[in-house]
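Got a structure here, written out as structure tokens. Questions coming.
All chains are identified by letter, namely A, B, C and D, in their written order; residue positions are counted from 1 within each chain.
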Amino acid sequence: MTLPNRPRYAARLNAFKRGKEGVAGMIARAGEVGGLSAADLNYPDHFEGTTPAALSRLLADQGLALNGLALRYYTEAGFKLGAFTHPDRTVRRAAIDLTKRGMDALAEMGGSVMTLWMGQDGFDYSFQADYAAMWDDTLAAMAEVCDHNPVLDVSIEYKPNEPRAHAVMPDMATTLLALRDLGRANAGVTLDFCHMLFAGEMPARSAMLAARYSRILGVHLNDGYGKRDDGLIAGTVHPVQTVELFVALEKIGYDGVIYFDTFPDHGGLDPVHEARANVALTEKLRTLAQGLVGHDALAAAMARQDAAASSRIIAGALYGL
Amino acid sequence: MTLPNRPRYAARLNAFKRGKEGVAGMIARAGEVGGLSAADLNYPDHFEGTTPAALSRLLADQGLALNGLALRYYTEAGFKLGAFTHPDRTVRRAAIDLTKRGMDALAEMGGSVMTLWMGQDGFDYSFQADYAAMWDDTLAAMAEVCDHNPVLDVSIEYKPNEPRAHAVMPDMATTLLALRDLGRANAGVTLDFCHMLFAGEMPARSAMLAARYSRILGVHLNDGYGKRDDGLIAGTVHPVQTVELFVALEKIGYDGVIYFDTFPDHGGLDPVHEARANVALTEKLRTLAQGLVGHDALAAAMARQDAAASSRIIAGALYGL
Amino acid sequence: MTLPNRPRYAARLNAFKRGKEGVAGMIARAGEVGGLSAADLNYPDHFEGTTPAALSRLLADQGLALNGLALRYYTEAGFKLGAFTHPDRTVRRAAIDLTKRGMDALAEMGGSVMTLWMGQDGFDYSFQADYAAMWDDTLAAMAEVCDHNPVLDVSIEYKPNEPRAHAVMPDMATTLLALRDLGRANAGVTLDFCHMLFAGEMPARSAMLAARYSRILGVHLNDGYGKRDDGLIAGTVHPVQTVELFVALEKIGYDGVIYFDTFPDHGGLDPVHEARANVALTEKLRTLAQGLVGHDALAAAMARQDAAASSRIIAGALYGL
Amino acid sequence: MTLPNRPRYAARLNAFKRGKEGVAGMIARAGEVGGLSAADLNYPDHFEGTTPAALSRLLADQGLALNGLALRYYTEAGFKLGAFTHPDRTVRRAAIDLTKRGMDALAEMGGSVMTLWMGQDGFDYSFQADYAAMWDDTLAAMAEVCDHNPVLDVSIEYKPNEPRAHAVMPDMATTLLALRDLGRANAGVTLDFCHMLFAGEMPARSAMLAARYSRILGVHLNDGYGKRDDGLIAGTVHPVQTVELFVALEKIGYDGVIYFDTFPDHGGLDPVHEARANVALTEKLRTLAQGLVGHDALAAAMARQDAAASSRIIAGALYGL
């Protein structure tokens, strides 16, 4: 039931981690899933004790393309108080340089997207930080990083909170405000379904704003209850919002990877089975979404905001109402 | 597709209100829907300028049975600061007496359930109220009301907030705690889907607690995003949680009315069309739920908490995965 | 304890409403408060059966200046499904024309700020509306309204939800994104404390973004629990965040009115006493904030994100720690 | 400024952890704080490679009494899918036995309270678990654990979610419902300020319910924004709710330990400085609370739910209004 000319699937490698094993085992297990055709690697941790070339071989052995890299500013590495917004200039410099090295590794491996989740860049208390300085520092760092290699795309993955109580990049619109100010053609945004939900956003509407004011460089699929980053199997809680997002992505023409950013470890699920459930549900919901693109009666109902009519059409498509 | 021996449907009469018209027009329009077989009346407002007997005739003309009455402690009637927990003893007495008169009207009409939503019984500020006194007053009032006519059932419809910032009866467990202390056989609880969601509850699990420690005397169906009382068409946001609730109700043996507590007025929807959408989606999801009762593979997956397996079974039932 | 050269206070007139009385009584009662020096009027409802000149006299009689007008797109007037984003072009036109007439009344009375809360402009369901069209319609309407009289300021008051489940202008950053695209010098944004809280924002940080990318044209003070628009007395729940906002406004140089957007009616409070509590708490917290502007030890603690130190400084200022 | 005959202070030992060091270093650093007089140890991790007697000596060396033990059902130990509610009977047995061994260690050290946070006992998905079986398993395990040593107290620390998306014991009332059913005199409940906030509770009101239907066996102080377990310094966000809780505890006669359950590590704060800020703010707010117990004007305002008056009294006590 694979759809032609449509996004490929990738999954969070750390979901496949067993105990203290290294990246090779995770890649092998991602290969076992069957429906995945790409993977993201974390920089720097997945590169420890190995080389970009060796990692490329491990991926190729499993038939996996490299989607991109995800920078991780780990607290143990000194980024507890922030990366691009750390109060100490030396640490900010270290964060920028680490990101550049990550981009070099990405280029060496032939990948195209560097995803930045600046999880430590935020604040916990009122009167803890100078908000204006944090904003300036973020923009300056982003500019330097984007200019390091304009051939590569750099994507911001926003998230309302955790680990910090408030993030510098908490939601779609704040991210777009920064991206417009930044003015770099190789910068864009990553949509994470759970992050959108607990930012109080309607995912398809955030996709519209992203496409209008920037570029969608990644889509992280998962699901949850809108209160935190639950990381559940895609489509298990908000199937209608998931389908609406697929319709929006189809209209926008997004053809990048669909990346499953789920946490099978939380619920003690077998990661290979869980990944297969992600693929199966997503394929099904995407196929249903396909039938809603260019659906005249649906468009007519929406043109008059008639949710009684559109909800029946959607229920018809989903449940055969 | 009506299921045999299963709950009938009712809808919120005020959803059908046009301008300043009276209850007769609302009942007529509820009759237009086609799939409704019962109605709840609000006491005292729906009884103004008419009689229980006249109301019974209006309902019968539309083929609607009376499900029950819902007490409304309107702020204009002096209940702004509370009904059963109002700081003034005279107002508390008025609230209790109003409730008793409502029960008399209910008995006269041959109905069985008086639903109490004590929306004004709460507090907005720290240091505004004596929490222990409010609790005592609620229990004393409930005891008096229940004892007024032990043949009738009295049901508490809890809700986290609104109009007050915090309610005395905000969630299922607090309500059950009160009901156990109350110790009246004719008291019970009403499940409102949106209220459960924004109380942070999983509806099917709340149904289990209700059945274990009290009795489910009413089910209000609707949907929303878990942040407030959205009152959307049933099944439009959380179809899986709705199906899970139906399975739980089936196992519990609930055979009361399913009441659609939705707000078509918020989104400017035609209330008759909206009510038909409620009935259609609910019938469909209940039929799907029926197939999951006694489903061996599902039971086996749940017995090992294997959500990867159960989610595929659910997706199979819902979307034909 | 009035601070020199600092904002004056205004209050929500409808908070003073008794029964079905008109605007004259509300203005008289606002005058009773003692600490208020300005008022906002709602357009069109406060203008019904009277004239701008008569309203100006009523305000002057109480020593109240006109701060500005607040447009109300009432559902009874046909705006249930939206004002600037209503699916029907005729209704959108009516909303724009109503706003222009409001601006004319504002100009006639010598006021300067028209505040727009587009509460109906939103959506309740997935697949209910065309998000891109809503965005376009909002920008086009805003442009026309701003250009109607460039001497007047037009301010957007954002709010996450209610009455619609999702608003077109839900938070600060979305509003700023629209304002930047709009590109009108007389457009800006209103900060409402409760709206910021339940949008998940830190108020002082939102003030920074507003000042950087647009203009702060109004400040609505109140308090709440971050889950809905509670409308409690200013400073009663989040005194530290309120003080931090005052410090930010001082640095930004905001010298407009502080408007108390509170709901004494919800908790059954006497509106005159409640307004006096608003003024008293605000004066106190603003005085405390004054002592934190240019506080070297605080600045030093914040420069290293040392919240243990800054929290003790704040507690020292507030509680005499 | 220590208050006579009042609770002593303890702090979360792991907050003092540096790198991979053991419990000795943490205890030493807790001793450095100066204002702490007690500590809780985690079982089994703090007991690894050492003995109860050795731990008692380490505590005594720092002048710290043992407050109690906190059971930790670590995921690495096989409790990923649950402890008392794990689907596998063998794992449930292991969890019960681990708890009993912890109680034996507690008894050996002369402590009195075993705190159980059943963080893994929950569910992530609809149709993942049998809610009734989970409830039964929890009650059965609690009964066995309580009966293991009736001299020791066993306290449930509830929390809405995390790591699981929904917890079996998510809030005060659910916990009290279980405790009443359990019917063990040595069982009770722990109040955690952040957990209460993100369960949507008003802490002082939860304390009232706890005292009425069970026993308060522990108080965990911290603060946050009501959306997750932020673990901020006590009193930094909700000083009024903190003071109200202190007044409630005073009236209840709680004389147990105040335990600071904060996460200085999240915001990169020095744990010793942060602990001192916890002690300083708490002492200050408790002193202010002391002045509100038996405050006639406050009691009179509360007796009429007059929040305008009570808010001014509170602001007078806190800020010298």
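Here is the rule we use: a residue touches a chain if its C-beta (ideal position, glycine included) is under 8 Å from a C-beta of that chain, and two chains touch if they have at least 3 such contacts.
Note that the coordinates shown come from a computational prediction; the quantities given were computed from them, not determined experimentally.
Taking the mean Cα position of each chain as its centre, D sits at the greatest distance from chain C. Interface comparison, A-C versus C-D: the pair with the greater number of contacting C-beta pairs is A-C.
Look at where the CA atoms of chain A average out and do the same for chain C: the two points lie 35 Å apart.
Averaged Cα coordinates give chain C a centre that lies 39 Å from the centre of chain D.
Counting partner chains per residue, chain C has residues 81, 123-126, 128, 200, 225, 227, 232-233, 236-237, 240-241, 267-268, 305-307, 311, 314 touching two or more of them.
Only residues 75, 80-81, 123-126, 128, 161-165, 224-225, 227-228, 230, 232-233, 236-237, 265-268 of chain A touch chain D when the two sit together in their complex.
Of all residues in chain A, only 81-82, 87-88, 123-132, 135, 160, 166, 170-174, 176-177, 180-181, 199-200, 202, 204-205, 208-209, 212-213, 240-241, 243-244, 292, 298, 301-307, 310-311, 313-314 touch chain C in the complex they form.
Taken together, the chain A residues at the contact with chain B in this complex read 200, 225-227, 232-233, 235-241, 264, 267-270, 273-274, 276-277, 280-281, 284-285, 288, 305-309, 311-312, 314-315, 318-321.
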